[in-house]
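The structure's right below; bear with me while I get my questions together.
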Amino acid sequence: MLRLLTLPKTNIERAAVILALIVILVAIIGPFVTPYDPMQISFRSKLLAPSSMHWFGTDGSGRDVLSRLLHGAQLTLSATFFVLIAGVVIGCTIGIFSAFVGGAADNALMRLADIWLGFPPLILALGFASALGASLQAAIWALVFSWWPNYARLSRMVTADILSQKFIASADALGVPLHRKVFRYVIPNAFDVLIVQVTLDISAVMLAISGLSFIGVGAQIPQPEWGAMIADGRSYVANGWWIVLAPGVAIFLTALAFNVIGDMLRRELDPTSRRR
Amino acid sequence: MTHPTLAPEEPLLKVEDATIALRVGGRTMVSGVSFAVNRREVFGVVGESGSGKTLLTRTLFGLQDDARLTAGRVTFEGRTLPLEGYGAAVRGLLGHAIGYVPQDPFSSLNPSMRIGKQITEAIYLAKGWPMGAERTREAAIALMAEVGIPEPALAFDQYPDQFSGGMRQRIVFAIALSQEPKLLVADEPTTALDAITQRRVIEMMLDRSRRHGLAVILISHNLELLRQSVGRIAVLYGGQLLNIVPAADVGTHAAHPYTEALFACIPTREKALADIRSIPGEPVGAGFGTSGCAFASRCAYAEPVCLTAPLPLNAGITSGFSACLLGRGAQ
Amino acid sequence: MAGAEPLVALEGVAKSFARRLLVQNRSFALSGIDITINRGEVVGILGESGSGKSTVANIITRLTGYDSGRYLFKGRDVATLTRKESFAFKSDVQIVFQDPYGSLNPRATVQSSVMESLLLHKRELGKAERIARAGQLLEEVGLNAAWGDRYPHEFSGGQRQRVAIARALAVEPELLVCDEPLSSLDVSIQAQILELFVRMIRERNLTIVFISHDVNVVRLLCDRVYVMNQGRIVEQGQARDVLSRPQNEYTARLLEAVY
Amino acid sequence: MAYVAQRIVFSILSLFVLLFITFLLSHVVAGDPAIVAAGPNAGAAKIALLREQMGLDKPLLTQFAIYCGQILQGDLGTSWFTRQPIASDVLRELPPSLELVFIAMLINLAVSLPLGLLTARYAGSRFDDLVRLGVMAGAGLPVFWIAIILQQIVAGRWQLLPTAGRLGFANREFSGATGFYLFDSLAAGNMNVFLDTLAHLVLPAFALSLLFTAVGVRITRTAMIGEFRKDYVTLARAKGASEPRIMFRHVFANGATPALTVFGMQFGWMLGATVLVEEIFGRPGIGRYAVKAVTQSDIHAVVAVVFVVGVVFLLANLLVDIALYVLSPRKQQRA
């Protein structure tokens, strides 16, 4: 984590790291510092423009947009990270296994991942979410379900690449046992590539979750999830532009920050991009 | 073949005090290199990896994007190229006056273009279409036959992936020769090839250059190959030009101590195990600068002066040259 | 003497590679080769790329199998070795590869790379003894023992090759297989590593299989030589004889071509 | 030819995986289809009867076989909500969506290929940095949000383009044989409708394309950069070829091939992403149909959309692969 602060080379990268840390901080402590109850309906104070009382205004039911935004950070980010972590654990287990066994099983697993990967993730998630019943949990599992092949493919590729290297042949010549090969040779050497990809995927998963919430199969409308907030604000967009603007900007800036960090990590960690 | 406006003793290419720096960061990698290549001469450049030999030649011939010539004077056929806008000026000579053969035959041909097209494109770029498509094709096929490609008319319509490394390198030579350059620069053209193929390709190249009256700069890490193939050899180390030595003097005390030591490392046909002597330490990378001799830290003869004194430059562009601060290897 | 039987005997060993889509296999097939290696010998296997010489290295070290024929190690058919014996085999036979950049785990310090050999095959040593032993080995191959906590990328190619040799020697093998150990090194470093091999042959009781495309190195280093071409052994004999008065047409061509 | 056969076999295999997924969705995940079909007030006897009629008492594998048979005959089931066959709904909704995706893809290609090529050529320059930042920004923009913003500003405030729908009020009577209005209007020689259709497509297509264009630029740049580092570029320079000649005659074709495969996949993904924009722009289409089906809990309709989008995706990939194969004579000789 500390190393993250020493890596940035440009002001944009510094800003991205700071922004990302702020967003993560807000996601952790946000619910404790919000000025208002994010679910408190108050028709007297509905559709108030941004002011010193309500920095980001209020929405169509009089709820404070800033408070909802801060709460939403936790909802949106924890959903995103859950999808990524579950995807990595499932995908990498399958990918590393596949690379080690090789042969027909490997072929079949990767073909399956290829096919899986092909289907538009949003539509697949849509199908799953609607079959499970619309909720944020359903959307999360639907995305895990459509996301794991990314990491299965990537980790298989990286593992196969590592296994073809001479230091693995050298380990074989020494009789290094399998578990040691996995934990001392493969995982440490695959780690950088994976962490880069996961960082770059944060924005895509976040967009997918908020997108599913937007069309009504993720978080349900009074919930302060950022995508659901945009869906909620749509009907007031003519006389309450801030309701839609705030969560959109929040999604955009968070996604951008993680994209910049991912790009930076790739430059610093990925050996294939360093070799010039 | 001699050019009427040139005095016969004027060299084809003259490089004086060439200094090369990286574009990003501006670090000087190669400094104070001077040499001349005569018409029809086969000239060798030797150096270990990181010596700056490839950087020097690629920059001199406008093929290195990330480095530039920051000082020095380059004269080709009596015409001095401007230092300002040097890259553009020298690229103006590529494709007709100067030809270049890159190292890796497996990536130096465009995989999605037919062999024949790649040769006729070169002819077109050098001369336009003065002879028409059909005669250009015939010329290309004749050239392919000349560099030793079997069934050239058939090969004309094929793609590079159907040829072995040796055949591909011959095709690359055919491309270079098709433009009838006066100078051919070959950067480690046989390093990726097997011994038997290597010998054939090098001999083909020497034979063609003799027949076409072509000057050649042959860059290699293999001093023994150069010793048997070329007239004079420029020896680079740490971005410095340490020696220009006639091939016959390699392996004798008439060469610079580095040249002597480098030759002592190589197992040749004639040597016994006791004749092999390694050089202690690790090679110095390019960018050593000009104060002191880059080889001093590994040199058996080194004295304190070698570490600090300014390195002698080949100011007179003499045919032989030793940069040794102790005067070793000087003719 | 117990050494009457050869250390390694390959009898009619053949191997073919299934041609799989999109898989490039750089080592080539072998057709029925016989190779014997006696204790204390330095045996060269000379050939160009695609001759199958690296496949021989992989078969002798049991990194790959073979389709037919027999491989006797100290007179035992290796196909009959138990799991435990197979593991013990690995402390008898070690290998050094061509590419010093790929042959060390980038995420392990050089000391732990050397210690891993001891950890697996010298179970009786304690941790302090392993550290001391690793330091000795690094010194023996010409490195500073104090550099042990550095990672491979901090070393030059020649130094990495020394580490790889130390790692192989740590298990005190009887047979060291060297697969083009000089080919990707700079000329001046090649000579250093060559000298290291000469010293090790003198000082340790080592049998060496030296796989190379370099005629001159093989002639200088090896007692006997097998010349390979397209998966076959085309000529064999005393290195000095074969490489100065070749009987085979291919060997002759190869010798002629070498600079 | 072996390659084409292999690709087709792979596509058919993929089709079965797709069928299996949709089967799983409609028969297992969504609960007992008989209960769904019987309606909320049905008694146990009616459900049991339905189970038998629908073949649900048979083993799962048999059910799957029956299911595949139905789908392959073009029977996508009956909408639980409208009681209409879903297949005809889908056929009606598909053309407007494909039209939208087609225009979005054109925008994507028109931006990605040149920008990818140029940023690869001038990698590391200020221009490259700027484009990279733009790419990262584009990849972080929520499609549905930018669609709303564009609609409010460009169509609402500036009145530059129509806000919603597929055709203006004046052309509401127009209909065509294929359902692709761009094509139908041209066939009828009606330029007015053609331009009107196009005007209605610009904003949604642009919003839809943004994210994909960002990815497209990155993919193209990566592919092209690899090509620029190869020695054949050095040789082309040494031949005296001009920079434009090197870029377009040599590098472009080699770098575009791997990039085009990705664009082929993007086609299907874009069709999936129409769920995010069609609703906003009030356009008929498969995406809007899917969203409506979701809100009405019409599971069979949703599953049908999953299946149809999957099939379009498979077809697009197959076509791109075959086209690349046919266009590249090098592969033909190898096979």
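Some observations on this one:
Per-chain numbering from 1; labels A, B, C and D assigned in written order.
Operating definition for what follows: contacts are C-beta pairs under 8 Å (C-beta built on N, C-alpha and C of every residue); 3 or more make two chains touch, one makes a residue touch a chain.
Model, not experiment: these values are computed from the prediction.
Listed by label, the chains that touch chain A and also chain B are C, D. By number of C-beta pairs in contact, the leading pair of chains is A-D. The mean-CA centres of chain A and chain C are about 48 angstrom from one another, to the nearest whole unit.
Note: centroid distance chain A to chain D, computed from Cα atoms, is 23 Å. The distance from the centre of chain B to the centre of chain D, each centre being the mean of the chain's C-alpha atoms, comes to 53 Å. Put simply, the C-alpha centre of chain B and that of chain C have 35 angstrom between them.
In chain C, there is no position where the chain touches two or more neighbouring chains simultaneously.
Those residues of chain B in touch with two or more other chains do not exist in this structure. Taken as a contact graph, with one node per protein chain and an edge wherever two chains touch, the assembly forms a single closed ring in which every chain touches exactly two others. Annotation, chain-chain contacts: A-C, A-D, B-C, B-D (touch as defined at the top). Within the complex, the chain D residues that touch chain B are 124, 230-232, 234-241, 249-250, 253-254, 257, 328-330, 333-334.
Taken together, the chain B residues at the contact with chain C in this complex read 48-49, 194-196, 198-200, 221-225, 228, 261-262, 264-269, 271-273, 276-280, 282-283, 298. Residues of chain A that touch chain C in their complex: 165-167, 169-176, 184-185, 188-189. Residues 24, 61-63, 91, 94-96, 98-104, 107-113, 121-122, 125-126, 158-159, 161-162, 172, 175-176, 179 of chain B are the ones that touch chain D when the two sit in their complex. Within the complex formed with chain B, the residues of chain C that make contact are 48-49, 156, 158-159, 186-192, 194-195, 198, 213-217, 219-221, 253-254, 256-259.
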